[in-house]
Amino acid sequence: MIVVLRYGATDEEVQQVCKMLEEAGYKSAVWRGVERTVIGAIGVIDEELKTRLIEQIQSLPFVENAIRILKPYKLVSREWKQETTLISVRDKIIGGEHLIIMAGPCSVESREQILETAKGVAQHGADILRGGAFKPRTSPHTFQGLGYEGLKLLKEASEATGLPIITEVMDTRDVEIVSEYADILQIGTRNMQNFSLLREAGQSGKPVLLKRGMSSTIEEWLQAAEYICIEGNPNVILCERGIRTFETYTRNTLDISAIVAAKQLSHLPVVADPSHGTGRRDMVIPMALAAIAAGADGLILEVHPNPAKALSDGAQSLTIQQFGELMQRLEPIAAAVNRKLYNLPSKFELLTAAERH
Amino acid sequence: MIVVLRYGATDEEVQQVCKMLEEAGYKSAVWRGVERTVIGAIGVIDEELKTRLIEQIQSLPFVENAIRILKPYKLVSREWKQETTLISVRDKIIGGEHLIIMAGPCSVESREQILETAKGVAQHGADILRGGAFKPRTSPHTFQGLGYEGLKLLKEASEATGLPIITEVMDTRDVEIVSEYADILQIGTRNMQNFSLLREAGQSGKPVLLKRGMSSTIEEWLQAAEYICIEGNPNVILCERGIRTFETYTRNTLDISAIVAAKQLSHLPVVADPSHGTGRRDMVIPMALAAIAAGADGLILEVHPNPAKALSDGAQSLTIQQFGELMQRLEPIAAAVNRKLYNLPSKFELLTAAERH
Amino acid sequence: MIVVLRYGATDEEVQQVCKMLEEAGYKSAVWRGVERTVIGAIGVIDEELKTRLIEQIQSLPFVENAIRILKPYKLVSREWKQETTLISVRDKIIGGEHLIIMAGPCSVESREQILETAKGVAQHGADILRGGAFKPRTSPHTFQGLGYEGLKLLKEASEATGLPIITEVMDTRDVEIVSEYADILQIGTRNMQNFSLLREAGQSGKPVLLKRGMSSTIEEWLQAAEYICIEGNPNVILCERGIRTFETYTRNTLDISAIVAAKQLSHLPVVADPSHGTGRRDMVIPMALAAIAAGADGLILEVHPNPAKALSDGAQSLTIQQFGELMQRLEPIAAAVNRKLYNLPSKFELLTAAERH
Amino acid sequence: MIVVLRYGATDEEVQQVCKMLEEAGYKSAVWRGVERTVIGAIGVIDEELKTRLIEQIQSLPFVENAIRILKPYKLVSREWKQETTLISVRDKIIGGEHLIIMAGPCSVESREQILETAKGVAQHGADILRGGAFKPRTSPHTFQGLGYEGLKLLKEASEATGLPIITEVMDTRDVEIVSEYADILQIGTRNMQNFSLLREAGQSGKPVLLKRGMSSTIEEWLQAAEYICIEGNPNVILCERGIRTFETYTRNTLDISAIVAAKQLSHLPVVADPSHGTGRRDMVIPMALAAIAAGADGLILEVHPNPAKALSDGAQSLTIQQFGELMQRLEPIAAAVNRKLYNLPSKFELLTAAERH
């Protein structure tokens, strides 16, 4: 920690800061510059004590700033653990040489819909089936998901296709039941800082896919992941899903540089969600390719057999055919960055641009 | 709803949209312009069906946009209910002629701290005591609040001063116990779209102060309030607490225009939180005055007897003396906008600017 | 400057940084912490050299960060000059006890329009007449202002009312001619970092109102002001006019906390533009009151005799009657913060809220 | 245009809007819904008149919204011209099958520096030499570029390598002289809405690379391009260079989805600037790959022979060796999206990740 005092700080004020640092277990070193006095804290103290101390020192009226030197997270940091975390889900590994493709509908709507989608995405090379049973919706006047019934239908689709399941959990009270059905728990963007839920998910022992909050910094995202790991669960998958900016043409702004940054700063695997990241079906494929080119470990995609009948998110859902096209176009990009797909996508004739519109 | 088709849409495509509208219960009207065809939906249909229909129509590849004409909320809308909602908390009314001032520490830290603060703010004219027992903290390596013990200490401070209590609830499982202690439940900015929690708070029957999500639009904020009201609880207080922008000098950007907008769009009372809104003690007073001048119905403020010892948020906490100063400076502003304080602040000599620094 | 090295930096790397600092004229001091080595630069060097050095050190692969301790501006800083700058425009002073109210149409449209507006705002207490002759418009397919003809009409309106003129200059080539007509040059938000224009305006010797860039930080705004001052022109008026955020209900988000911050950080006077800040006529009055309550030194407002005929910005223009209402409501707010109006607004019966809509 | 009236609008108010529409040359059609009346404008009128009319109608107190149906730009729109614009610069074509790689230093600093860089990037496959002679710098206390001397050095480097030149112009008064030296004029992010400069660049007849304003929407960016085209200059290259968001880890947030959107909405070629887009050398390569995977027509990159000696932007400049690495890694990505490089990059042994740090 570095403490910068305001212009004109007195010797007594310098001493007060040094005393606070030393009582906390630091050694202090004072630099008197011409216009500012700066105090450095040397040593290692308990993280909780350090955070509190920074806030307390910042609250002194003669302190201009107290600057943290070390990152405010540890367990998820690549500095602390250099090798990338590999997460096993049945026979697949997330974070390794192979990309992981998760695909399925926004919401589970019916037995027929989830079975048709699961079979379709499996045929075109998906590794994991996504689908929402509990849905966080902005308005109460909208379809809120099938709930427990949705979990059962996901299970059935999983058994029919062999695909593992990822599904969202929104309430601490549901973590146990969702964990019985899901192979991976998903924490949504609106719950990235629902700290009770993060802890509960950490205790579940299941791999957790943690979506970045739509207005969360990368540092806050990694601290949220730290909440899960601190409960003894190291299997966290980070998911960049777009941030909120001034631009309204896209639903969100998919921050591909955050994928690069998260891979540098953390050892956790990172995937991208170009469906929510753009909100527009016609942008999903190029943004998926971009995410993989930048180094993402996989994708999570919304696919629906008939988007115009979807109960939610139709405008950003690929058709099954379009998902197949994505997989075909993904393969050479994956190869260009030395990655592989687990499942070779089935080959078929791509539509021309004219036919697609 | 207005549907704009892409350039070159065919008659069949126009018919397909009309059919979807009519099956949902609308009449449709088609305008064929030179470069675009526009279809209007006339009539009133169920809100859930309408939201779904908009998404489905937007998912059609030949549709450029489906534009909602009516607001996506109703119960909280001033169009639906013109008179401002008045919320009674013991003998005070929120939303009426009198401003409501809520003050207290970020966190309840100890019996001594909460009692001293409660007495201090009561003496200077506060109406309601705030204090956190359950704390949402960005990092797991920080003080997380005293929990149930904190609730008991709040109760004791309330009894010693006669001030009602507002405190945050973060977990659906805690709503019942917090409701036993609190006069007002607070939903924090990170939980504004924790829909399970909103529903549970709605069912508690207690007044709920709903902080705006730090990256939520005004429309999303009102829809979150709608989640509480739809459970039969009309007593929602909106709280603007700053949004996340590119500016980093302040912790957040207090969006005072959102106070004006929320008062226009909704009948709910609106208060401001200049402590979190700025994150800087030396900006709290002028921003509090600005919020009241713009029409806020009250304030929620962080006050600590000794910010340099605070376990959280010291840098933005007023001292008790500064809170007294704020109340004195608030009085003429309140009068200038035809509002009153319940408690005449005790008069004392204000420090000069030079003494304050 | 504080330099933080990456984990594992070698002695040679530490020495390389020390050498760079010392060659630039600093003394260096090294702190070896457990996980990071930190190097401090002590001394005073030329500002240009310092800025370059920070960038160069940051470009070293073994450097994590180079942190500037002192602000990157000086001439505009309150640390450098404590008393607020007072700017005289004819017989009025900007930055003193009296608030300055600038009002007039977005664009000068015709002789009749500017004369009617000028007389109207003068009658209701305005101090300065605003009006655009050169207009920065997002689309080329819009009214671009009357140009030189507009300047002449402004002059005529000024002579008819005695009000000084503020008007925008957009092109370095126009600074000379605009300076002949205007009492204050206005630099618009889109030109805040048009550095050639800033320098030219600095050389004009005229007072300059510098609008904050719609996505500029407070620090960048003050550096832009520094460009003007460095040309020997100390008469800069800062103007907060709203920033771009994710919220779309308002045209911009008027950042009232930036007014407070700019007054703390700089000795320059600061005014607010609630017309552009909100883009909505029905929000202008409350936001104007809020800005003054927060400490602004004045306002700049769009007023049009008939907004529904305006060639630009009608939706955010007050009518002359509404401007009169604003002035009446402003007076008690000004008094509450110990400020005065130069001109007592003419008293008339305010409309009730019901009549206004 | 669609006009939505406020709840309770009277017949007279409906008629007033219809009259305004009809006087402007539209036919009007009225839909009376249960809660809102909506009026549609049918026909084609002059764009300037239309823009004015929308603003005027929006300024009526009984109007809730006036919604534009058609895009506010035309010349740059793909709807208006379907085939992608191809721009010839000497023997290269921008926007075709081949990617265009522009590389060079942020600033021209010396004869030696620009010659060394030009030769280095030419050897590794660059198509165009970039380099700044006039530099827009946030602070006046920084290196402002070599000016005319810089233009001459660029010319010399161009002649030595055969590479065409792109360089920034910041002042209307410099467009003529810069046009004598440059093959492509660059308009920087801070000048995207310097409309005088856009017009002047349009009149120069030179190809213009238009950087997106750091807080400009895609729609504003295309309208800025329209300013250039309307002067009779169709050769505009759009450049996405990162937008300003709340995230501070990167200097800007490179909005790769804007590349996709701009290619869909406009027929102009689009390139990416991952140097400014990230501000961090270690992120430039993956983001460059991502931009090409998403469909960009080329890249503009900062390269410096010795970033730790750079007079500006060292932290985001690639070394010449790193530029070579980028070109090698780019080739398979280009192939994966059916694009080619003009120059096969020279092959050399890439450093391992460990050696790079």
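As written, the chains take the letters A, B, C and D, and residue 1 is the first residue of each chain.
The rule is short, and it goes like this: a contact is a pair of C-beta atoms (placed from the backbone, for glycine too) under 8 Å apart; a residue touches a chain by one contact, two chains touch by 3 or more.
Since the model is a prediction, treat every value here as computed from it, not as a measurement.
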item	value
Centroid-based (C-alpha) most distant chain relative to chain D	B
Pair with more cross-chain C-beta pairs in contact, given B-D and A-D	A-D
Copies chain B and chain C touch via same or different residues, half shared test	same
Between chain D and chain A, distance of the C-alpha-averaged centres to the nearest whole Å	30
Where chain B and chain D are represented by their mean Cα positions, the distance between them in whole Å	39
Multi-partner residues of chain D (at least 2 other chains)	215, 244-246, 248, 282
Complex contact set, residues of chain B against chain D	2, 4, 7, 29, 31-36, 38, 40, 42-44, 67, 69-70, 79, 215, 244-246, 248
Residue ranges of chain B touching chain A (in the complex, touch as defined)	20, 47-48, 50-52, 55-61, 72-74, 136-143, 170-173, 190-191, 193-196, 214-215, 220, 223, 226-227, 230, 244, 281-282, 307-315, 317, 357
Residue ranges of chain D touching chain A (in the complex, touch as defined)	215, 217-219, 243, 245-250, 253-258, 260-261, 264, 277-278, 282-283, 286-287, 289-295, 329, 332-333, 335-337
